[in-house]
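Alright, structures below, take your time with them.
Heads up, the next two complexes both have chain A, just with different partners, chain B and then chain C.
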Partner chain A sequence: MTTTDQETRPTAEDRSRFEEVWARPRGWRRALTSVQHKSVGTRYMVTAAVFFFVGGIQALFMRVQLAQPEQQVLSAQTYNELFTMHGTTMMFLFAVPFLEGLAAYLLPLMLGARDMPFARYNTFNYWCYLFAGIILYSSFLVGMVPDAGWFAYVPLSGPEFADKAMDIWLFGLALAELAAIGAAIEMIVVVLGMRAPGMSLDRMPIFAWTMLCVAAMIILAFVPLLVGSMLLELDRNAGTAFFDVERGGDPLLWQHLFWIFGHPEVYVMFLPGAAIISQVVPVHSRHRLVGYPFVVAAVVVTAIMSLGLWVHHMYTTGLPPVTLSFFTAASMSISVASGVQVVAWITTLWSGRPRLTVPMLFSLGFLFTFVAGGITGVMVASAPFDAQAHDSYFVVAHFHYVLIGGMLFPVMAGLFHWWPKFTGRIPSARLGTVSFWLTFAGFHLTFFPMHLTGLWGMPRRVFTYDATLGVGLLNLLSTVGAFVLAAGFVLAATTLLVALRRGERSGPNPWGADSLEWAADSPPSSPNFGRIPVVGSRAPLWNPPPQDPELDGMAAAFDHAPQNVRATPFTTVLAARPGTAAVQARPSLWPLVTAGGLALVAVGLLVGSVWVVAASVLVIVAGFVAWELQNERELGAGEAREPVGGRYPVEAPGPRSPGWWGATAAAVVLVVAVATVAFSLLFLEVNAPVWPAGETLGRPWLSAGTGVALALAVAAAWWGSRHGPLDHAAASEARGVHLAATATAGLAGTAALALTVAQWVTSDLDPTAHAYDSGVLTLLGTQALAIVLGLGITGCAVVARLTHARDVRPRIMLQNSAMLWTGVLVVWAIAWAATDLVPVAVV
Partner chain B sequence: MIDARIRSMFPPAGDVADRVDSHWQLLLVVGSVVWLVVVTAMLVAVLRRRRAEREERDDDVPGDEPGRGHLVVAFLGGVAPALIILGIMADSVLTLRDTGAATDASRAPVVVEVDGRQFWWEVRYPDHDVETANEIHIPTGQDVRIELTSDDVIHSFWVPQLAGKVDLVPGRTNVLTLHADEPGTYWGRCAEYCGLQHAWMRFVVVAHDAPEYAGWLEAQARPARSPDRVDDGDDQPGGDETGGDDGPGAGPDTEVAAGREIFMSSSCVYCHTIAGTEARGTLGPDLTHLASRQAIGAGVLPNDRESLARWITEPQDVKPGNAMPGTELDDDELDALITYLESLE
Partner chain C sequence: MTAVPAARPRTVRAAVTAVLVPPAAWLAALGLSYVVQDFACSAYTSAGRVPPATAIGAVVVGLDVVLLALTLAAGVVAWQAYRHASTEHSPLPGFLGVLGMILSLAFAGGIVMIAVNPLVLEVCA
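Right, the complex of A and B next:
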């Protein structure tokens, strides 16, 4: 970082005003209203760590039960509840949220930004996740613990075989998914738009590349699960027939939806783990990562391919050999991408001078373990072998090698690596080393024997086994190992916590690392960087800064500035050239209120109280309205809207501000959701003997009318976004156009909503009669929900116009609503094709 | 004879399991070698010290230096694994084809229908009008077509020594071919989590040579022995409570008749069928030839008097969550009932 003009600008007064605008709230306000990425990231990680230990304790109970044949420590019911909650907790409440938290904490720092793009939404997601965990664990309080496994296969999880515990599970899951999807949108926007000037895509840290890919995977994979869990909830409580064989449904539909999520999920956990290794190994080997472009390519290829492998979880469901061969080949191929990464790390070690620090030890432990898990992964990818290994302890061994080896060891490496950054203190290397060896030895003692246990015939998810199976000794070893492993994690956690008070002070960069987070203070100040760094290479702290006046100009303009609004540079997507200023949110209570309202909706549905649901919906609506009013008010008027440094406008239309990206991502989420329902219908149609059982929806005029109305909404919003001031104008402009545009979009949207409702009411379909009817009415419902979202954002545009008549803001909000209306139009097209076009065309 | 206690996929005892086993050995050898090479390279990379004198700081050339490192990553990381994977993929597809050919069951001479139930197996021989439970008898040396479906939730059929698993999915019929080379008892079980007592949903496959199998089928196709039809005055010793092969004597025979009466007048008949009697229930296993089976409760207890008594009086203690309610009987009634059940050979 250069500090050449620090003498002249900023002055001491500038600095104090800058610090004031970034001041953190104090006391209880901080707990409830802070939206800063570091506090949100910390909350994510702390909450996830708590769930990790809870899930770990569940695992220890299971290991005690299995230590000897035919033990009776736990009843079958308790055991089934524990393995269900262990899987659910580790996947949905620990692994994914922890990584989201790590990303929320690190990405802005690594990229040279001051906060996440939509900090309040980021906080909203955290609260959703916390409430998801509370709802799931309240099942222990009310004595209805989910027991259908973390995969919840129907019919075992369906209305006939599972009690209300399953509803608790589904609502908890839905909230956690919602949080993950929101976190994904944040990650995409921060990585694509908020990198330090000069950090072109090919200079981006591997961690940022990876989180970008992971975010895309989350949107494409988690949305289907969210939809799937809603379909199951409808089957359970509204009597629809998606999974009921008798009425045209199919239990295998759930497996497809679940694994379309579930397989990418594995890589959503592993890829960030690998990315941590790609950050840690070069620093602790004193050598840049060898083969950076290959590693990036490997990550991208893995992300894309992971979306097409899900069927390898379903090899035994009775699929034709062609399908089996295809998915065997695809599943095995993905290991080549991991091979590239492994060789890149080893070559980096080979070329550098590795130091056996604690992060390095965990990285080596990762390689040792993950490679073994990858190799057993190739084995179970082979359909004929999997027919033997599937659902046996061999698979349990395999995925713990991949998940603990591939995700948890890297997370430990990352925690010891970044702890000085998080806390300003260096954890004890001695205790850290002991905790590494304990976890490493405990892990292999626990999970290596399970390969044999499985091959010798022990299936998964059994609460006991008999002595004649001959796996008593192996199970005993696993149980002993589990306690060693647990001791290792407890020691690691203690080491980190002790370091909070006793650790050696670290300074900004104790490891001599290369990436931008090490340029910030330890722990970082509220805005991370007073002066935004500029980047000219892949290792900005190992190389001299670039001599580029344009980049320096932006850094100077943002040096402890602006001081009347929180803002950070927004740069171009590919080359990260200077662009605009992105406004960053200040503390707010509304994310907590709205997320709480959502959780209350779930509670109301669980206790079956219409009044609770209605009241919660009111809370949500009021919360969002207050949120939007606060947003527009705090975006500032007058001076706050002046371009930063006279050159960088505060927001600009098009992809030059975060809103455009956010609206686009939201539209994509809507489309993926509806495409999932449409896919489900198509899947059922292909597999059902008669489809549809009776009439199709058959309301062509109403449907066409809806489409026309939505197209009109798109056109009106788009037209409005083309008018009005681009900068801070002296007087209100384009009043008539904006009024007409918002009114037209609003009226057209309302008409579309009315037509959708009319389609539902005038159709003779009964959602409880046949899966076709269920699907059609669900599509109409989703379409109505999408229209309501479109109306909501149009309302935001009205508020923006009322508060910012002299700014670019109304244009931006109209443009965002045009993006969202486009998404709704696509939703309509997909829904129409799935309800009327395809059934008729196929017949 | 095959040892019935072997529950492992080793050693394989039929064509399909054999082929998969040789595929597994290839996977094991190749996988182990790859893992050893990688871990050795990693350890050498860390431990060698000859670069100790290098400078603290490495220069990074923007765009990265396209040097030897790149070639290493591309070839050792990309090309070499791809070649290995191609080889393994080929063997996997060939194995699939071979086992697929073996599972081309259209010509299989023997057909068995298996229904998964929570938590037991209903077994039917449609060509012979035989119904039984938790025990599948097959002839050796012949392909047996197993047609799998489920009446409740998803189960999975797994006999490790004979073949891989196939799921039982409601609304579908999946097909699996079993082929046993040697006579013997092969251990099998449910491999897909199916609820509370998934752990105790087991079965056995008993392979006989052809004449023995024919005899078994014939015996199973007969209706249940009825005490009315037993010749009185047979010269069996009366003390043998478990009943001999040739039928019980006069004392036990009265007891059999009494037990039969208890069975027919209690709630047993709502769920169980005994062919040749008025018991026609279909919720539980067919008991026509109960006494010929090795175990009860899908493998949870051996089939003897003591276990039957426990199972009849307190099935929810033995296997909580199974569909059978406990029946309250006094000791005499219970004895008679068990004697009747043990006569059902």
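Right, the complex of A and C next:
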């Protein structure tokens, strides 16, 4: 990296103070309080790997049971429990969390940042995920293991046919989804705002492009499942009627909500896998990725189109032919985008000088396997073929080809590729190669025969089969293959673990790679980069650094600086030009406390104890208050001095601060959630044979009053956010305005909450009577929850005002508050339209 | 390597718009086609009335045609942004222009594949 002639080099004392600010906690504190992205990312990956092996053992038990026809190794009930937990584990506890962990570890390094934007929230998400896994697996301890499949179709998962095990599944799932949505917000903000100076969008690594798209998909697709889980839980324990046909509900609503999540989730797993390949193949081919803009376009097309494919899981549910045809068209279209990426990788291999390293072997294994899975994907995207193959082992073969081929082989490639970066050691190439061939051969021996097993008539989700079906030999081959596959994964894990102590030491860049993570030490230091790198091309380590005084100026300003607070550059969205300094969190216990409180709420609800729930709520509130006070204290320390390098202010209003992006993303999550409930109500309304004709909530004045109060909260927060100087040196001028704005927003929000409660109380609706009543009251409940969140962030603005001497932080918090209140206002508008406008419009 | 010249804000804005419009248009085409066709047909059937299939089909195709035109227009804007960026030697808007053109073509194809269905299949079968 170059330096400008005039810049002042950091002294030894500066370096020492900088290291002190970024020092990692030691001992038990490290386990409980560390929030640094590498620590959190490692935890995610290790926890997910443990769940992967647990899910794998469950699969082996199932394969033993199916090795011969009419075996009795497992009972039907145990088999049902195992396939439910296998799918749940692999989807919710392994695949998505592992990729989020990989992203949490790699994104800041790849982008030239020092941490994730909201490091404590990142940690909170991890704890939620861990508690989700513990809750789900506690089902084995209490002897109530979920058994309705990982898709939990209603009515099998409803109150009539499923016991408490389903509640355990739903609460565990909800926590896992909450964690995934939080991780998505982190990824969006780090990619859009925390790239190294000069890393414009056209120079961004494909992995970063992909995780940006994946994060958007998670917000749009995972929120509906969270809402669906809530609706099912309400049906199960509050007597609502969303899925009860006799009271206006419809079991197909669950399938819609589940697959609106479920199909994008396939791409949430595949796209990062493909992105890993886009990082690994060029490095090990010693050639830049061919067709970069086409690959970016393919990622965007795949991400968007994946949101519109969910009905192709419902081809056999009796939907009209034209409806099916819309989704067949979308399903066919998406395969073209995947094909573009395959062509780009093959062309890169062809153009370069490939090395048959272990990461490259796994990449080639991915290419072969994923293309095969893609072909069967095109087959099942066709409604007539799917009608024949649906719920057969052909589908099991297809999705394992896509998921193991599309996600697991790339993950293995990525682990062997980045292991030297993670640990500073290179794993054994010989053992790695053997593990590749075992997994590759084992995989195809396991899953290729399943295509034939399915086409010859064996349905999936059966615990045994008749010998006369003639699939005994194929099943035996699959079982043998499963053990070979397992041996491959065990050997791969052993190879990586052995390398921790005995692996050859690697320098910072053993592969001669091109992206920024390879500019950091191996393993990276706590702040990743003492001096922030500047970027002038797509392959910053293969090309000379740019001669740009503005970029160099920012790098110099952040050279082992600042030393009073953790901070990293915050750059502009498109061109990554220098902007501000984003403060980064120091270690904290509060994310663990609040996540633990949430898990305790779930436990309290499961055991039916109001006291446990009440105590948990207190823990959550106390945890969040302490968290917020700690945030403000650190930001105060950051503001106490001049701007970083005298030029880059510690936070600024608008999209120049991470908080603005976080508040906007939170508002979007709220809007997606309430839109899902409104969609559910509309779906039930048009499909129910009996529906309260033209009925509305009928509380126009209360509803209008709620809207006015929310608009007032938005206006007050905006007004306050526009007052006060931004200059570091300026004294506070707007303390009174800020307090008046927060008070007005708080009072208006409280009034909106009271009016919402009044609508509920005076509506004469009974949530157990009919799906209409259930839907309307759920909308009001969601609206109330959104208002509570608005009041919470307004409270944070009050804390910011009371703890800061300068005006800039209260301004930012009021602005964030305004963003969230705007989201709440949209929530109200959607709820009002669904309860009062649409019922009149529908036939 | 020296600092790249900054592109005109208007070119950048046009290029960003051209990138964002095609995905939004495709999502709208699929969502509206599904909601209008499926919900309208179901609502009439649930109420025991004969759905106006021709009118529903016409609305679906009409919406898709408008969204197709919007997508193709975004492609034209992207192409113009790319040309401006080429003359200004601005790589970022140039990249966004190329991206916009590819997305426009890809999503236009997707919208056509959605729109032809009501023309060849019975809308409320």
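Simple rule for what comes next: the second predicted complex is superposed on the first by the 823 of 843 C-alpha atoms of A that agree within 3 Å, B and C clash if a C-alpha of one lies under 4 Å from a C-alpha of the other, contacts with A are read in each partner's own complex, and residues count from 1 in each chain.
One rule holds for everything that comes next: a residue touches a chain if its C-beta (ideal position, glycine included) is under 8 Å from a C-beta of that chain, and two chains touch if they have at least 3 such contacts.
Owing to the predicted nature of the structure, the values given are computational and were not obtained by experimental measurement.
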Looking at A:V371, would you say it contacts chain B, chain C, both, or neither? Reply first, second, both or neither. first
Determine, under the contact definition given at the top, whether A:P689 touches first (chain B), second (chain C), both, or neither. second
In this superposition, the partner of chain A with more touched residues, chain B or chain C, is B
Task: Examine A:T323 and indicate which partner it touches, taking first as chain B and second as chain C; both and neither are also allowed.
output: second
Give one of first, second, both or neither to describe whether A:G470 is in contact with chain B, with chain C, with both, or with none.
first
According to the stated criteria, A:W350 is in contact with first (chain B), second (chain C), both, or neither; which is it? first
By the touch definition at the top of the document, which applies to A:P643: first (chain B), second (chain C), both, or neither? neither
_For A:G149 in the superposed arrangement: first (chain B), second (chain C), both or neither?_
first
* Of the two partner chains, chain B (first) and chain C (second), which one does A:A387 touch, if any: first, second, both, or neither? -> first
Once chain A of both complexes is superposed, is A:M305 in touch with chain B (first), chain C (second), both, or neither? second
In chain A, both chain B and chain C touch residues 202, 293-294, 321, 325, 329, 332-333, 336, 536-537, 543
Counting only contacts in the complex, chain A reaches chain C at residues 200-202, 293-294, 296-297, 300-301, 304-305, 307-308, 311, 319-323, 325-327, 329-330, 332-333, 336-337, 536-537, 543-551, 574-575, 682-683, 685-689, 691, 842-843
So, in the complex, the side of chain C touching chain A is made of residues 1-3, 6, 12, 16, 23, 26-27, 30-31, 33-34, 37-44, 46-47, 49, 91-92, 94-96, 98-99, 102-103, 106-107, 109-110, 113-114, 116-118, 121-125
Per the touch rule, the chain A residues reaching chain B in their complex are 75-77, 80, 147, 149, 153, 155-156, 160-161, 202-203, 245, 250-252, 286-288, 290-295, 298, 316-318, 321, 324-325, 328-329, 332-333, 335-336, 339-344, 346-347, 349-354, 356, 364, 367-368, 371-372, 375-376, 378-379, 382-388, 390-392, 455-457, 459-465, 468-470, 512, 514, 536-539, 542-543
The answer for chain B against chain A in the complex is residues 5, 7-10, 17, 19-20, 23-24, 27-28, 31, 34-35, 38-39, 41-42, 44-46, 48, 51-52, 54, 56-64, 69-70, 72-74, 76-78, 80-82, 85, 88-89, 92-93, 95-97, 99-100, 152-154, 156, 158, 160, 163-167, 169-172, 174-175, 187, 189-199, 320-321
